[in-house]
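Below are two complexes that have subunit A in common, paired first with subunit B and then with subunit C.
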Partner chain A sequence: MSTVISIESLNKSYDKQSVLSGLNWQVSQGDIVGLLGKNGAGKSTLLKSLLNIDEIDGGQISVFDEAHHSLSISSKEKIGYVPQENDEITWLPVTDLIKFRKQFYQQWSDEKVNYYLDKWQIDTRKKMIELSPGQAQKVLIILALASMPKLLIFDEPASALDPAGRRDLLKELVNLACDENITVIFSTHITSDLERLASKVAILDKGKICYFDDLDKTKENVVQLVMHGQQLSQQQIPNALRSDIKGNNTYCVVTKVDLIWLEEQKQQGVKIDIKPMGLEDIFLEITAS
Partner chain B sequence: MTQFSISASSGIPIYKQLCTQIERMILTDAFSQGEVLPSVRQVASELEVNPMTVSKAYGLLEERGVLTRLRGKGMAVAKQAPEKSNKERLLVLSAMIDELVKEAMLMGLTDDELTKLFKEKLDAEYSLAVIKE
Partner chain C sequence: MKNILTYGWYARIFIIVLWFASLWFRTILDFEQKQALLVALIGLSNLTLYLIVAMRLPLLTHSQSSAVLPGFSSQLKTELLQILGISLLPTLLLLPNFWMWLGLISIMLACAMLMAAMIYLPKYQIIFFAIMLLPISFESLSIVVTFDQVMSFFVYIFPAIAVCTWWLLDKLVVYRKPSKHIAKMMLMVNASLDRTLAAQDHIPPESQNIFMRWWGNLNFGHERKIISAADEFQQRLSMRKLIAIGCHSSASFSRYSYITWSLATILVCSVALTLDQSHYAAFIPLISIVPAIIIGTASITLFQMVNSKSSYLARLSILPRFNDKQSFAKAFIKYILFNQGAIIVFIAMLVAITILTFEHLSWGIYFKVCLLAIALCLINSALMFFCWSNKSTGFQKYIFIIVFNFILFMLLILEMTHNGIDSAISLSSIFTVMLVCASLCVYTIRRYLHRFTVTV
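Presenting the complex of A and B:
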């Protein structure tokens, strides 16, 4: 799989407050990545940095094998971006905004635009500023999808959408993933949105991508162990993130079960249950300390 | 119509949930031998999941010999020798019994109590079957 985004030692701070520090990350073609992070972790900053909307303090970013600050027009055309807040011209009526944006692209699907304008019942005579936040976000999504991008970047797509709108967006992304080898990154702090669609999950914490793996592998690897009749400390359990002793049992979250260790414990007669965890719990555990 | 149902927030990966469900549906004859399964695209858009997830489940079941790939038609339920499908049946049941045993242990039931309960349930099922006949 070819690399679509490559980030090396990215640094970014605002007013001497460091947000991203020494961040490394690579996203391959066809990945559908859910980018998780707490409020203020820097998700928007990371996305804006790689799109060169925000200037970076240091590091290297390449998108489609080109330096992110000097992307060719053909590469730029392949990117669709939906910001968290409306950054389009607020005084233009929707219909004019769409016409304006269309001029910048070689490829543009009027069909898709009309389909979603109709489906989402957007009054195209209204100015952007007159729309509700949810409606404005839908217009931004339509603009991003219209140019049939190869790389789609959503910053909190679900934040202003109603459940039906979220479902529509998910369906569209499923179709895009079926038909074209599209790469998608969407930031969110709502894990349920990404559990259905994401192939990979990235966690941004303390200025770095501290976790990046297949969603399936994540669910298979990060589990809770319950050791019956055992009181073990965290150090005694391999790959432990956190452990608690309750009564006679030890409850421990591990990033991966050490099979040799597990076998040893079993041989010693220790009864261990392995319990799968949902992504929300996994996210909380990884970002807890 | 959605034939499969998944729980996205569960700790069990979606592809695994699909595998188990399809295997169960075959064993309970919800899918008959040779029947063509819905396409990856159909399942993905109905469940709103990543198509790769569906492909992964289908691929795994193909490896296990549960499904066969028909050229240009998609995936179909494999024709299986009866003794093999019996083995598969036991394998699926075995996983379900594991869950049950775990729960029972957590509740603090003894082996005897559990065995007794199981025997009672079996007997009840048999007598019901006899009445039906």
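Presenting the complex of A and C:
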């Protein structure tokens, strides 16, 4: 699979406070990446930087094999972006806002716009300011989808939606990604959304992508080991993120179980339980470590 | 409480500048000749103050804390009395003319009451319009009322006004109704307390009054038609126009603003043509200051609009319509310069019409005023581009400088129209100022463009 986004040594700071430092990341075509991070970790900054909405301090970003700051029009046509906050023109009715946005694109699907407007029952006569936050966010999503992008970037796409709206949107995104082989990157801190949609999970912490892997592999690999009757330090356990000793037992979270080490322990008579973890716990463990 | 009641640095500076201007006139000019001017200056500054305080007052009287905080009402009354007392201090400049001093205090108290009444109960706005129409009514009924007669009237009713003010203050600090109207008022005041005028765009339509809704629909209707027509005929709007639509807001100087101001000017000139030329003096301050205010506020509004839309503009700049950020920057520069240029040309035309009617300026001075207005717009544009090229988020200091330029310009215009200091400012010095301003503007535009060519 070809690389859609490639980031090398990205640095970005605000008021001399570093937000992203030496960040490296590569996203392949067709990936549906959920970007997880704590509040203020820099998720929005990363997404805005790779789109050249925010200028970067250092590093290199390429999107569709072109430098992000000098993307060709054809590459720009392939990008759809939904911002976290609705800063669209408040006084325009939805129908006029769509016409306004259409002015910026060469390819635009009116069918797709009408399909989603009907599906989400959005009153196009209403002005943006008259819509509920959820409806306004749906309009922003329609605007992003209307140009038939190959790369969709969502900054907290479902934050203003109710549970039904969120489920609906996520289902739609999965269908889109599967049918049209588009790449999706979405930032979120709702891990259940990520579990429903993403094929890969990226965790942003301390200015870097500290974890990036397939979601299924992540849930398979990142597990908690409970070693009964053993007191082991973190250094003694391969791939350990964190370990706690409670009584005679050791509780340890590992990013991947070392099967050889596990076999050795079993041969020594150590009883080890392997407990799978939810994505939320995995995220907390990785960022805490 | 005083901070909330008098919130807003522009208004504070405006009021203080007028007070100092009064003091300046009092010290350097002949008192007997300048009494009316002093009354006008002090009156204007205090009316501004009372309007601001009256608008901010519901934030305190209708806040939830006002019902639970001990001694809230009495403290609010004390604060209001202090503001009233401070506002009356400049009236001392009228002494030793005790009669006029008492008359002005009486007028000021009546105005303060009227402002509060108009804000709390909109039906009292009719009184304001009635007062505005009084001079024309007197004129049409051939009733001659002199300045001294007006002052004497207010002196005689001063005791009644003072008692009424005290009674109204007592009532105002515990006033809680009507909640629906006040809720709307508070929403608007909260928006105006925001650092940017663009906050007004975020007032939900159901909370706007009929006039705001009507003006909003009218104001934005033209832009909507442009978008619809372009879509219908599959035309591509220019990049400048797209940016203009993106930046447009309820405070923008729109097509209907041009029409409204043109109609207002024609109306004033038509009324003047029906009157005797001896009454023209009353119109001169109005027709001198208003154009200056339009030019000054248009720059400030434009700057604030763009600043409030910066994230949205950054998002537009990455869309495929723009080849690169530099093409966006060029379209944006065109938008700013076109906006400023259009206002200058429009105001120059309006002033020309007023000159043809009132003959208050010679064409020589008119030419100089136009050049100074262009210089003002150039320096303001330079400041804006300097701020944007610095990627500065500290917009307030730039706004402060623009306001300062605007006040300077206004005072200069007043001086030129009142005293005709035509010879004091030579054409060559005005051209020098213009050249400096134009150079600064070109430099800052190049700097701004350079920012978009630098890539990491």
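Rule of thumb we're sticking to: the second predicted complex is superposed on the first by the 288 of 289 C-alpha atoms of A that agree within 3 Å, B and C clash if a C-alpha of one lies under 4 Å from a C-alpha of the other, contacts with A are read in each partner's own complex, and residues count from 1 in each chain.
Operating definition for what follows: contacts are C-beta pairs under 8 Å (C-beta built on N, C-alpha and C of every residue); 3 or more make two chains touch, one makes a residue touch a chain.
What you are looking at is a predicted structure, and each value in this text was computed from that prediction instead of being measured.
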Would you check which partner chain A:Phe104 touches, where first means subunit B only, second means subunit C only, and both and neither mean what they say? second
More subunit A residues touched by subunit B or by subunit C? C
Would you check which partner chain A:His189 touches, where first means subunit B only, second means subunit C only, and both and neither mean what they say? neither
Taking the superposition as given, does A:Ala177 touch the first partner, subunit B, the second, subunit C, both, or neither? first
So in the superposed three-chain picture, is A:Ile73 touching just subunit B, just subunit C, both, or none of them (first/second/both/neither)? second
If you stack the two complexes on chain A, which partner ends up touching A:Arg167: first (subunit B), second (subunit C), both, or neither? first
Scan A:Asn52 for contacts with subunit B and subunit C and give back first, second, both or neither. second
Listed in rising order, the residues of subunit B that touch subunit A in the complex are 8-16, 40-41, 44-45, 47-53, 56, 102, 105
Residue numbers of subunit C touching subunit A in their complex, please. 201-202, 204-205, 216, 220, 223-224, 227-228, 230-231, 236-237, 242, 245-246, 248-250, 309, 311-312, 314-325, 391, 455-456
In their shared complex, subunit B is touched by residues of subunit A numbered 32, 167, 170-171, 174-175, 177-178, 191-192, 195-199, 215-216, 219-220, 223, 271, 273, 275-281
Residues of subunit A touching subunit C in their complex? 51-59, 67, 69-71, 73-74, 76-77, 79, 81, 83, 85, 87-93, 96, 99-100, 102-106, 127, 129-130, 147
